[in-house]
Amino acid sequence: MKDFSLLDLGKRFGQLLVSLFLLLVVTFVIGRVLPTDPVGAIVGELADPATFAAMRARLGLDLPVYQQFFVYLSSLLQGDLGKAILTGNPVIEDLAAAFPATLELATLAIMLSTLIGVPLGMTAAFFRDSWFDQFARVISLVGHSIPVFWFGIFGLVVFYATLAWVGGPGRVDIYLEGLIEPRTGLLLVDSLLAGDYEVFWNAVSHIILPACILAYSAMAYITRMTRSFTLEQLNQDYVIAARAKGASNWRIVTGHLLPNIAVQLVTVLAISYGGLLEGAVVTEVVFSWPGIGQYMTNALLIGDMNAVVAGTLIIGLIFMMLNFFSDLAYLMLDPRTREVTA
Amino acid sequence: ATPNDQLVVGTSLAQVISLDPQQGSDAKTMEILANAYDRLIAFNPETSEIYGQLAESWDIDDTGITFHLRDAKFASGNPVTAADAAFSLVRLFKLNQSAAAGLKTFGFNGDNAESLIKAVDERTLRVDFAVPVIPEALLYRMSNGPGSVVDSVEVLKHVSNNDYGNEWLRTNTAGSGAFKVRRWSPNELVLLEATPNFWGEKPAMKRVLFRHVPESQAARLMLERGDIDIANALTAPDVRSFEGKEDFVIDKAKTGGFYALAMNAGREPLNNPEVRRIIAAYGIDYAGIAKTIVGPYGRARNVPAPQDWEGAIENPDWSFRPEEGKELLAKAGYPDGFSLTIKTIAQPPRVDIATAIQANLAELGIKVDVIQGSGAEIVAQHRARDFDLLMPQTSATEPTALGSLDNFTNNPDNSAAANNAGNFVWRSDWDISEMHALRVKATQELDASKRLPMVEQLQKDFIASSPAVFPMFERFEPLVLSARIHGYDAHPWGLTRLEAVTKTD
Amino acid sequence: MSLASTSPARGKSGLMLSRLRRSLGNALDKLSHEPVGMLGFLVLSLLVIVAIFAPLIAPYSPSTQNLEQALLPPSWAHWAGTDEFGRDILSRLIYGTRITIQTVLAVSLIVGPIGMLIGIVAGFAGGRTDAILMRFTDIVLSFPSLILALAFAAAIGAGLQTAIIAISLTGWPPIARLARAETLIVRNTDYVAAARLYGASPLRLLFLYIAPMCIPSVVVRLTLNMAGIILTAAALGFLGLGAQPPAPEWGAMISSGRRFMLDNWWVAVMPGIAILLTSLAFNLVGDTLRDILDPRHARS
Amino acid sequence: MIEVSNLSVSFGSGERRKQVVKGVSFQVAKGETLGIVGESGCGKSTVLRSLAGLDRHWEGEIRLNGQPVERVRSREHLTLAQMVFQDPYGSIHPRHRIERVLAEPARAMKTGEGWDRVAPALEQVGLPAAFAERFPHELSGGQRQRVAIARALMLEPEVLLLDEPTSALDVSVQAEVLNLLADLREERGLTYVLVSHDLAVIAHMCDRVLVMKDGLFVDELDKSDLARGETHHAYSKQLFEASYL
Amino acid sequence: MPAPETVLTVRNLTVRFARSKIHAVDGVSFDLGTERLGIVGESGSGKSTLGRAIMRLLPSAAKVEADQLDFDGAPLLTRSEREMRSLRGNRMSLIMQDPRYSLNPVLTVGKQVAEAALLHQKIGKKEAYAKAAEMLARVRISDVERVMELYPHQISGGMGQRVMIAMMLLAKPRLVVADEPTSALDVSVRGDVLELLDELVRENNSGLMLISHDIRMVAAFCQRILVMYKGRVVETLTRLEDAQHPYTRGLIAAMPDPRKPVRRLQVLDRPAIDALEPRP
């Protein structure tokens, strides 16, 4: 059992900063020693070597790695993540565009998979070894066993092309693109803020399919973990005590089991959420979703290390924050970790 | 379905990394910029006839060309002047990036550009030749994307570190085209908006959207559903699926470029011309690959001038003859074959061509490993002469046989020290001083009737020389349009203008 | 003396063998009570057999192209149809089992020991060592795994080895965490306390006392991971960075086959089914193993 | 045999520091059996663990066999005292066969092979030698506790520290284990420190009993006190009354 | 109205777990009036299974059969789960061994006790809490207000067991099954808890089944004792001294008694007992 006090949390926070710094170093070094040369992408493949050298110097890539690192670090400390070599845009702006797209998708996906996976897992545990248990197991494992792009194209063919239930690839129908000024970058939120319900519903119809597909692939893990947490709890005496009190199954689940597995569940959900926020490159490609996964993959393929380092930092930060918050959740949800008052 | 006043193009924007017309030379970028910028001149995709865009007329004399500009305004409202045109061309050579390559072979460079390209007055631009050239060839090259005229007033406001406004122009446009770029989100979309200041007819489209749809099957479904109007990054099978469908039109832009095969003539055993000849003439199933893999993306062609072009010679009888090839290899001293790698960008159809070549060569006893990589990686290795076999693709700089020979017969100095990494032949470490000299002579021959035999000879020499870098397939860019679209004339280099495009229900 | 069972005649190795057989038999016996797990186990056994005898089973060569016969639908001649190069898909799938098994095993063999070592050392040593190791684990964990794989592929070139190393590189942290959690429990048990009392050295404690306790859950986790490995390999294939052509790697097959999904479904569906069945089998076996091996999930 | 003076143990640090054992002193003569009783959490196990060398943050002085021992025990000092734990299910490695369990002390101490001493050790605690091949889960609780005792005796210590050795066992099995302990004490002249909360067990086994409450010894009873049910402190009186109801 | 004297009638109760050939409970018969009945036996003899079988709280893997299992004159085995729920915690209760595990660790004590009231009495939350407070006061918990806000890990074992008792006896059940209610407790508080239990049971005029392996404690507390061995009742006693069965006698002899010190304790002669108790 974890035992945290606020002091420990403070310590964890310090460790988080150190980890981030190390992450920065590692990413940076990986980025700079990589043979992929961003200069080629910029000046074009037919340019002279002299032009190459000039551009390299202009980007500061001719310095030794450690000097580049200090240059980068000092601008980072001033809050400047640098410019994307790729586009010349400030990386932070690129990320501010790409990340909300992923955030929106990942959040919806995690919500869907929680809403379905948790009850499914608990029910499966309740009726352990029944046909329902096996069914839930196979259903969720199938989601975990099929490549996402396969599912994605399949989903598009069925629900978009054939049945026309959902919108196609992209965040909205293309002709609605650019009508909403990004405020949060979350299209669903922005369109509501702007009061443009046409765009909102259009965006909903576009996000629903990729979100469902991501949710399905994330669901297996959530369902299985829920099932095993629930099984563990079902063996506990307090469940029998609750039944001896005359509590119904529903009451046992909602009133007794759920609060108990909530703590562990939060960690699982945090991990899944983190994985989704990392950007599902493949899903993003299939659904033309301009998210962080695609952005980073492209940046990497072209050797745009500023973008990669910044993106990795952001993702790392999110991961660690999620970790941090799931620790906090422990503190809040589990009375045993709070200070003993009696 | 899309509204009638908006045009939606589903494409791949992965390669679009700069909106500066004098920087990159990527086809997708040029496709977008062709509508944001005007060039002095352009050529008709059907007839290859040159016509004026910003230039109303031009006079050719022995030492150069004088352009007379029309009355036009930039999107900013500034008038288009000869100074702008001169600034843009000089800027091209000063920046000296990939975009400049086409014109640089005509002797222009950063040092002489300012003295050769001058605004005579408000509306008159004078371009002097640096070396003797065929004026027509120069005009063709100037009609390409890098010839775009930028708004020098705007650009000069954003100069930093002597970069000719490059940093700013990478993400902004300052042109006089019918549209201006309103939004560019990398890997998401480019949004063009009609400008009120355009000098020509007001376009029917209020907005044009280039949408990044990297997955071909997704693009195909979107096209079928009417969520995009044009798809131009479909894979071969997806293009084929539209064949015979009433509501769609398949069009092909014959780019004049090639899918080529580069062999490293500086490495064993490819430094042996006989080995190269056996691979090229016996080892590859051009016809089969063209039929099943390349499909709408091209056709088999080993002569470095597209089949349809004036002065192009017949294809040699290169075909897949594994038995003979194997024998010849044994005679050449390789009875047991050898091992090679083939490098390619991880993109269809190139990967598939590489896979097919791998299987073909295996039958000759040559073991080939395919190595895929990102564009940046593969190009860097190509430039560094670090490969055995590699599959580059070329594009044309002018729609003439001589122009397209540029990529395959041009290598002034093959020494490593020359480090002419922008040059395909140099990258293959292939020394062709005689052919090079002949090509230079041809480019300076103004008399077309004398030039033509030289060009034919050059092609014959090329085929006979066991080339280290040679074309395999003529490269087409297929695109599928919704039948609702009218007036879309696909330009071979992707410089399709959209101001005349209209849409019906 | 009446020590029938430890008679020297049988020798230590014979004894070991019979014990091994017994415990294996035990596990199988338990497995046989789990019809679903048994099914998974059978599928995996079949897979191994197919991999071993691939050349005997496969009707065609996996790499011979016949462009004339490209994209033929399933028929008696080609049970699973042919791909865009006219290669027999069934034969490729059969040969592909070798690559799949090789990948899965290689990754597991790298990830398992590394993860476990880091986990048990961190958990056992505690204090600063633990903090350092776990922060390091956190960093790797928070590194976008596909990005790391891509970076790695860029550094040493694409290929199966790259894929294996790249997947391994990001695969060990969950194992390490698991092993650490387990170690934290085990190191406070009375049997470890007793071992300290009779002077067992830290190394002895680590390898003879703690590691054996972590192995079952690590094995379970690895088995469950195997499905993920196949899928990650497929995703790398999607980006062109997995096994290189013409290797009949399932992930690469499915991702190049996806281009034909709408017209020639079998090209992508057949390897999809192979991946689905295999990873399902791995998952089922892992799930079942967990139920059997993990005392905390033991049946009441 | 054992001399403890002014032993105190604290856990935690800063505000959460809690003194669990508050400066206790006692002696145990060679061959004597000392009992420690007290309610849960009063610090019985902690005293024992400090004696054994498992807890390393005690203060005060501990002498075994006349030699003062450090907090981190040397191997020689470790062999002086061995411990038997409360839970026979948790004190034997679940994945070691019994032969390994019994051979381990000798192997860890590097005092010879160890394997050949397994059979006699089993015999000594009244188990058939064939049990060597079994895993712990194939034994009953009482049998496991016998194995644990056998293991503690492998290094031939003179002191056995018994932390509630029978509280997880049934009365009927408890009797067997207690008998075994009594027999071994007789054969080998062992010194026992026996911790339990069951006064009946303590009274049955011990020559002398210390009653512990909140980290302090509040009472000391000898054999005759126990037989007569005589106590010298209110707490021990309460304890006794509760046990004899 | 005087309640019928017999609270529970058990005839030939048998419990078998799936995949196990042995009967965990094997043909047990007895009657329980408004009395204190002790059930003793060694670990695994089926005591808990018997108690849970009566409560119908065994997992579905358990097969329960009986010629007769009547509670308050009405058969139990034929009732639906729904009817059982309205009985459990209301007319019949189960008090379990270890408050550390049998109280829900993440709910406050007050909430858990109040839940018992909420489940069976048509009252609001407030009243339920009031009832819970009242009951907690009955089990002599001081400072009830504060304790109700505490979580199970914040109270001592003795207190936890009182809470458990309050929770289970709140509805004044007819039948109380106490499954080793004190074996996790310190000797010093054991007496208090038993006393309390006794008091409440008497007051409610209920029948109490006290399950334990401590034969001496049961003897001191209960009016009758059932001795179980391997799933069967081998003997029914009112006084320990009357014990006839070798198992019972062995059990008594195996317990050390400071007042009668012996050098060696007597151990059970299992083969002899098994010979006496042949299994079908």
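For clarity, chains are labelled A, B, C, D and E in written order, and residue numbers in each chain start from 1.
The definition used in the following text is that a contact is a pair of C-beta atoms (placed from the backbone, for glycine too) under 8 Å apart; a residue touches a chain by one contact, two chains touch by 3 or more.
Labels paired with UniProt names: A, C = Peptide/nickel transport system permease protein; D = Glutathione import ATP-binding protein GsiA.
On a predicted model such as this, the values are computed, not experimentally measured, just so you know.
Enquirer: What chains touch chain A and also chain B?
Expert: C
Enquirer: What is the touch distance from chain D to chain E, in steps?
Expert: Between chain D and chain E, the shortest chain-hopping route counts 1.
Enquirer: Between chain pairs A-C and B-C, which one is joined by a greater number of C-beta pairs in contact?
Expert: A-C
Enquirer: Take the average of all CA coordinates in chain C, do the same for chain D, and state the distance between these two points in whole angstrom.
Expert: 45
Enquirer: Hey, how far is the Cα centre of chain B from the one of chain D, in Å?
Expert: Computed value for the inter-centroid distance: 87 Å.
Enquirer: Suppose each chain is reduced to the average of its Cα coordinates; what separation in Å results between chain A and chain E?
Expert: So the centroids are 51 Å from each other.
Enquirer: Distance-wise, how many Å sit between the C-alpha centres of chain C and chain E, to the nearest whole number?
Expert: Centre-to-centre distance between chain C and chain E: 49 Å.
Enquirer: Can you pull out the residues of chain A that are in contact with at least two other chains?
Expert: 35-36, 149, 153, 157, 285, 300-301, 303
Enquirer: Give the residues of chain B touching no fewer than two other chains, as numbers and ranges.
Expert: Those would be 217, 221, 374, 377.
Enquirer: What does chain B use to touch chain C in their complex?
Expert: The touching residues are 216-217, 220-221, 235, 237-238, 241, 285, 288-289, 291-293, 346-348, 351-352, 354-356, 358-360, 362, 369-374, 377.
Enquirer: Any idea which chain C residues touch chain A in the complex?
Expert: 36, 131, 135-136, 138-139, 141-148, 150-151, 154-155, 227-228, 231, 234-235, 238-239, 251, 254-255, 258, 261-262, 268, 272, 275-276, 279-280, 283-284, 287, 290, 296-297, 300
Enquirer: In their complex, what parts of chain A are in touch with chain C?
Expert: Going by the criterion above, the answer is residues 15, 18-19, 22-23, 26-27, 30-31, 33-36, 134, 137-138, 141-142, 144-150, 153-154, 157, 220, 224, 228, 231-232, 235, 274, 278-279, 281-282, 285, 293, 296-297, 300-301, 303, 308, 311-312, 315-316, 319-320, 323.
Enquirer: State the interface residues of chain E toward chain D in the complex, per the touch definition above.
Expert: Residues 42-43, 157, 186-188, 190-191, 213-215, 217, 220, 250-251, 254-259, 261-268 of chain E touch chain D in their complex.
Enquirer: Could you list, by residue number, the parts of chain E that touch chain A in their complex?
Expert: The touching residues are 52, 55, 57, 85-90, 93-94, 96-98, 101-108, 115-116, 119-120, 150-151, 153-155, 164, 167-168.
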